[in-house]
Amino acid sequence: MSIENMPLGKALNAGMRRALAEDPKVLLMGEDIGTLGGVFRVTEGLQAEFGKKRVFDTPLAESGIVGTAIGLAMRGYRPVCEIQFNGFVYPAFNQITSQLAKLTNRHEGDMQFPVVIRIPYGGHIGAVEHHQESNEAYFLHTAGLRVVSPSNPHDAYWMMQEAIASNDPVIFFEPMSRYWPKGDVDTSAANIPLHASRVVRAGTDVTVIGHGAMVSVLLQAADAAAAEGTSLEVIDLRTLSPIDYGPILESAAKTGRVVIAQEAPGNVSLASELAATITEKMFYSLEAPVLRVTGFDTPFPPAKLEAIYLPDADRVLDAVDRVLSY
Amino acid sequence: TADEGPSFEESEGTHGSDESMATAVAAPASPKAQPARRPQSASAVGGPVFAKPPIRKLAKDLDVDLSQVQATGASGEVTRDDVIRQASQASVFRNIQTPAWSQ
Amino acid sequence: MLDDTVDPMVQLLAPDGTFVPSAAAEEFLPYFERLTDADYRKFYRDMSVVRRFDTEATNLQRQGQLGLWVPSHGQEGAQIGSAHAAKPQDHIFPAYREHAVGMVRGIDVINIIRVLRGLTHGGWNPKDPAFGNFHLYTLVIGAQALHATGYAMGINFDGLTDTGNPDTDQAVMVYFGDGATSQGDVSEALVFSASFQTPQVFFVQNNHWAISVPVSVQSRVPLYQRGLGFGVPGVQVDGNDVFASYAVTAKQLDDARNGKGPSLIEAHTYRVGAHTSSDDPTKYRTDAELESWIARDPITRLEAFLRGKGTEEAFFTGVHEEAADFAADIRKRTI
Amino acid sequence: MSIENMPLGKALNAGMRRALAEDPKVLLMGEDIGTLGGVFRVTEGLQAEFGKKRVFDTPLAESGIVGTAIGLAMRGYRPVCEIQFNGFVYPAFNQITSQLAKLTNRHEGDMQFPVVIRIPYGGHIGAVEHHQESNEAYFLHTAGLRVVSPSNPHDAYWMMQEAIASNDPVIFFEPMSRYWPKGDVDTSAANIPLHASRVVRAGTDVTVIGHGAMVSVLLQAADAAAAEGTSLEVIDLRTLSPIDYGPILESAAKTGRVVIAQEAPGNVSLASELAATITEKMFYSLEAPVLRVTGFDTPFPPAKLEAIYLPDADRVLDAVDRVLSY
Amino acid sequence: MLDDTVDPMVQLLAPDGTFVPSAAAEEFLPYFERLTDADYRKFYRDMSVVRRFDTEATNLQRQGQLGLWVPSHGQEGAQIGSAHAAKPQDHIFPAYREHAVGMVRGIDVINIIRVLRGLTHGGWNPKDPAFGNFHLYTLVIGAQALHATGYAMGINFDGLTDTGNPDTDQAVMVYFGDGATSQGDVSEALVFSASFQTPQVFFVQNNHWAISVPVSVQSRVPLYQRGLGFGVPGVQVDGNDVFASYAVTAKQLDDARNGKGPSLIEAHTYRVGAHTSSDDPTKYRTDAELESWIARDPITRLEAFLRGKGTEEAFFTGVHEEAADFAADIRKRTI
């Protein structure tokens, strides 16, 4: 065991550093990731260490970034692309959706596309428009992509390396508001594989499920509920596509009550899919409908209103009360 | 428009408390955590209750504790008849054991 | 760096404030010549006020009153010159750093403060006649270029170009940065503008950096050439020369209104401040570069010109007082 | 009453013609929509009738089409954009998602964006890659867009006019495989408003829900089920966002059993949302979980395999059997 | 129409097959001169076989054996010339009409038939050495331009340009049409290729139509100029002149391999057939235009040249037999 205490952003940096060191085909590319080390400093020091052919700034064009990453993958490279902020991935949507996601299928497996697209996402940072969205739903609906999001530094460190090692494209959602809090990272071994969900707090009454920054909100809610005598089981999805339903269904079978929380708007979202699938698989076990606590079906609001928009522990607890009242 | 965060070094302690893996990974639920708001107690018949939602509604309406019901459904689920049987038994027992107050 | 040795660059004022039109400036001189002394002073006043406003907003951000600030310091020459060249009936599509342009068009800049304070994504009603057809800021790089082109297509459909009436014919001006030129949307806007021969000026403020990325990563040839292969002619101007910025823009907008179609202006300037209040430019650029650009400051340059013309000290003092009052008022209305 | 029998494609054409005639601000724009009248001839004759300033071909660039339509809307026009095929809308995704969908909100209502984006979609036409997708989910998740899809000529005629009259942006999905079959169009009056779902066949045992080309598959399934003594109630969604839940919940309350069918892949889709919401609202009425019959979570397959990929009446009936067996 | 009066156009063979190099052809002549008589015949053979293949596929489609066909008729000069100019180690990124290029690179064209028959979205393995680094077709207009640029960036990172060894240095050629030039992705590919100085040739087949839309809607200036403002030089060639197409492409690919960065070739040609088997071109273009282009047919032109050089009739008969056999074989293997 080799434990280091570090922030999630630093853990991502360390994960990428290790991948760069271990495989000469790994490249980092994006806007401002070189000299500056990224607007969040997640790639800090990596250009200095690995040189401008391994870690480089691109022109300001997201379709260009993803499109050329695809070409680099065809050439045998493993590019890791940074999208500067969530709301700026849309110019690359065509390359991601009609190309990257489909190319392995189009090639009938003859070529592989180990491209990682890093997207810092989520609220709580008080930023201007387009900077705080949780837009994972678009990528979840797109067959051919893997989508993951770590909630803590240890996962960030390992999931980044596992994503880079994946021969399928991975959309890697980084919870911006969690870049700074520190946690222990065991750099000697990952404990569970990339595509596994995990019970992060055991409980008996209600299953609450989330990912990324929402996990700490759920843990907060669990503390508050415990104080009132309600036991919440908290599940960190970790991987959003494909979803590892094992721990989820096991928990739902036990509690019979499920609440899903996410920052993204609810309509046609991850929460919709989880609610539908859990209900389908566990119909006879559910004491209450699966409830969803989500961002509202509006554009992400100005910073001063984000606290109203983003699900917090109170909104989660309200849903917990509602599932318990069935 | 690109607002950047402070570097990690600058920001220690300013963006939330440290969270170790130990706290992120489950602390076992305390044994005394008996759910205050949970309507049903542990099953007397044993195992979790399997019932589709309308059966749960029926049970609620008839004041039947599903965990006390003997399930006869093909996959072990409580059926409509099971609930009704339980309800009529309960009312029989209630009639015998606790006669209503006369006015 | 200004590369006026290689490519023709329109310049009227040398960095020291002397009036020495470059060869390329000739065809634009008539537009300069119609300016009066009062106009010169207005330009100076506007640049000074917006510079002071920018400083105040930077302070407000540091004091936690704004989530973010996007400084315009250094780019006042390009912005004030081009903004004054537009006519009231023209429509302006800014990016997000065009505070000076907005001020000239009549928006109350407290509205910009409100955006960066996190109170609104919009800030003002572009249909309000008081706001001079100054559209909302667009934060997604390059997206507004297509909106501007579509708007200009609409002007054509309305038959409001080339009617012979310069007081009603309309044009559109869209602002974006050197980094934005790499976005597909900007190229597509050039395609559509050429195809539909829109009455439109693409105004590129080449401030030499897109956050930490130098313009050389976006293009190895000067950006004023970008439109040529699309059929959109280009002009290169010293953006820190407010007169040159004015004259070139006035001519290109006239051409647009007169049915000559779109054109592109590359204004060479420099972002003296940080990209935003979250940025630390010392990480990626040198003091020497910064100094060399401060030596070409647009306000100092015009001040030297005005002083050379014997402008009284009271004028400058008055402008500085006005600017300070303006900033104090903004502070008061922000907090 | 004035009834005309015509194919759906022709009904769309007639709807656009009427809108063009009634409002000089209505414009049609897109690739090949002028002289050619569109690759499906849906705009045939309209350029000849209204001229090149009202109906015009654009350069080959979808972001350009939608981006300039936004500018035209700012100028007071009501542009109707044709995207030639479903799989070619992605280059416009940034303009649709970060601009069109958000601009009314960004302007706090001071400006309106009456832009219609027409997208021919769905399978059954045996075409090559990118030509047969059902990609409505991306737009449903995007707050700020209205999304509709007619299943028959009468609706096509009226919904097109109502979409053009809407002051909000509308994504108008046209079921390609239904362009040709004819139906009666009452050109004297629409019978229900744009955002209304409709029971197109009454039944008592199971509610089956779909939109676009799926509606005729559901009607086929209802015929087959009736022959075996099972009564299906068929609901045509018509509008996919916002969904009109009234008739849906009423039907679910009656039957207690719901099957949703769509051509789109199931993961994080319209069907997920319907299943989750119906369950949430009707928990105590459901005799079975809401089942979903969808395209598979793979890229749309080559034409020779589409019959396997696309839900047909048999797959719907299988789900009907399954909900009945709970 | 060829507008060689306005812009320099590389042409070696006049439409009547006589060898009359245009002024612009001069710097490319050495590349022509290295061709032998056997090469001339090979070009003729290849163009004839692919023309016959195209006819057969069109028939198969009419008979319901293919869902769709995308004819290459008329564009054989541009395709066969440019394809032969590439070296085995080069990588080719086609759009969807480059059947002739694929054939030259070694793919069994039954694989193209399989795509249009609805059996696969791919058809061949671009990593199979027998397939000459000919990548899959891309149906989303312009998307492959960025893949090609990324691939070429990889060649640079691998250090396989400008090594002084012409047998191992690599280049990339990407094909797209006149319509595709309007797509943002193509412009972004020009940006990236210039920024990273990729060893890459952008080969634009200007066949004058994007389905029903004439090239004048996409651009009012010749497309070979499109790259200039991005820092990507351009050359205009008569695409119906297989020799000129060969010579220009060979030179530009050599430059790319030698570290001179990207360039763009506009090959003027014409889609003689329909856009696809679903299209009816009589709806949007005139017989006169079609005739004028048939008069510039690349195969007829080379035949005239070869006959002028006294090529024996047996050669032509042999080629036509070979082409017929080829088509018969395709038919047999399709059904």
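Chains here go by letter, A, B, C, D and E, matching the order in which they are written, and residues are numbered from 1 within each.
Criterion: a residue touches a chain if its C-beta (ideal position, glycine included) is under 8 Å from a C-beta of that chain, and two chains touch if they have at least 3 such contacts.
By chain, UniProt protein names: A, D = Pyruvate dehydrogenase E1 component beta subunit.
Model, not experiment: these values are computed from the prediction.
Peer 1: Find the chain most remote from subunit D, comparing centres computed as mean CA coordinates.
Peer 2: That would be chain C.
Peer 1: More contacting C-beta pairs: A-E or D-E?
Peer 2: Pair with the higher count of C-beta contacts: A-E.
Peer 1: By mean C-alpha coordinates, which chain is most distant from subunit B?
Peer 2: Result for the farthest chain: E.
Peer 1: Roughly how far is subunit A from subunit E, centre to centre by C-alpha average, rounded to an integer in Å?
Peer 2: Their C-alpha centroids are separated by 44 Å.
Peer 1: Need the CA-centroid distance for the pair subunit A / subunit B, whole Å please.
Peer 2: That gives a centre separation of 30 Å.
Peer 1: I'd like the Å distance between the centres of subunit B and subunit D, where a centre is the mean of that chain's Cα atoms.
Peer 2: 41
Peer 1: Give me the residues of subunit D that touch two or more other chains.
Peer 2: Within subunit D, residues 58-59, 61, 63-64, 87, 90-91, 94, 98, 102, 105-106, 129-130, 283, 288, 299, 326 contact more than one other chain.
Peer 1: I need the residues of subunit B touching at least two other chains; which ones are they?
Peer 2: Residues 1-5, 52-53, 56 of subunit B touch two or more partner chains.
Peer 1: Would you please write down the residue numbers of subunit C that are in contact with two or more other chains?
Peer 2: 67-68, 120-121, 139-140, 182-185, 188, 191, 195, 211, 217-218, 278-279 - these are the residues of subunit C that touch more than one other chain.
Peer 1: Taking the complex as given, what residues does subunit A use to touch subunit C?
Peer 2: The touching residues are 31-32, 34-37, 39, 57-61, 63-64, 87-88, 90-91, 126-130, 299, 301-304.
Peer 1: Under the touch definition given earlier, write down the residues of subunit C that touch subunit E in their complex.
Peer 2: Residues 181-185, 187-188, 191, 194-195, 217-221, 225-231, 234.
Peer 1: Report the residues of subunit C in contact with subunit D in the complex, numbered from low to high.
Peer 2: 120-122, 125-128, 135-136, 138, 140, 143, 145-155, 157-158, 184-185, 188-189, 191-192, 195
Peer 1: For the complex, which residues does subunit D have touching subunit C?
Peer 2: Its residues touching subunit C are 27, 53, 58-59, 61, 63-64, 66-77, 91, 94-95, 98-99, 102, 105-108, 110-111.
Peer 1: For subunit D, which residues are in contact with subunit B within the complex?
Peer 2: Touching subunit B from subunit D are residues 256, 283-288, 326.
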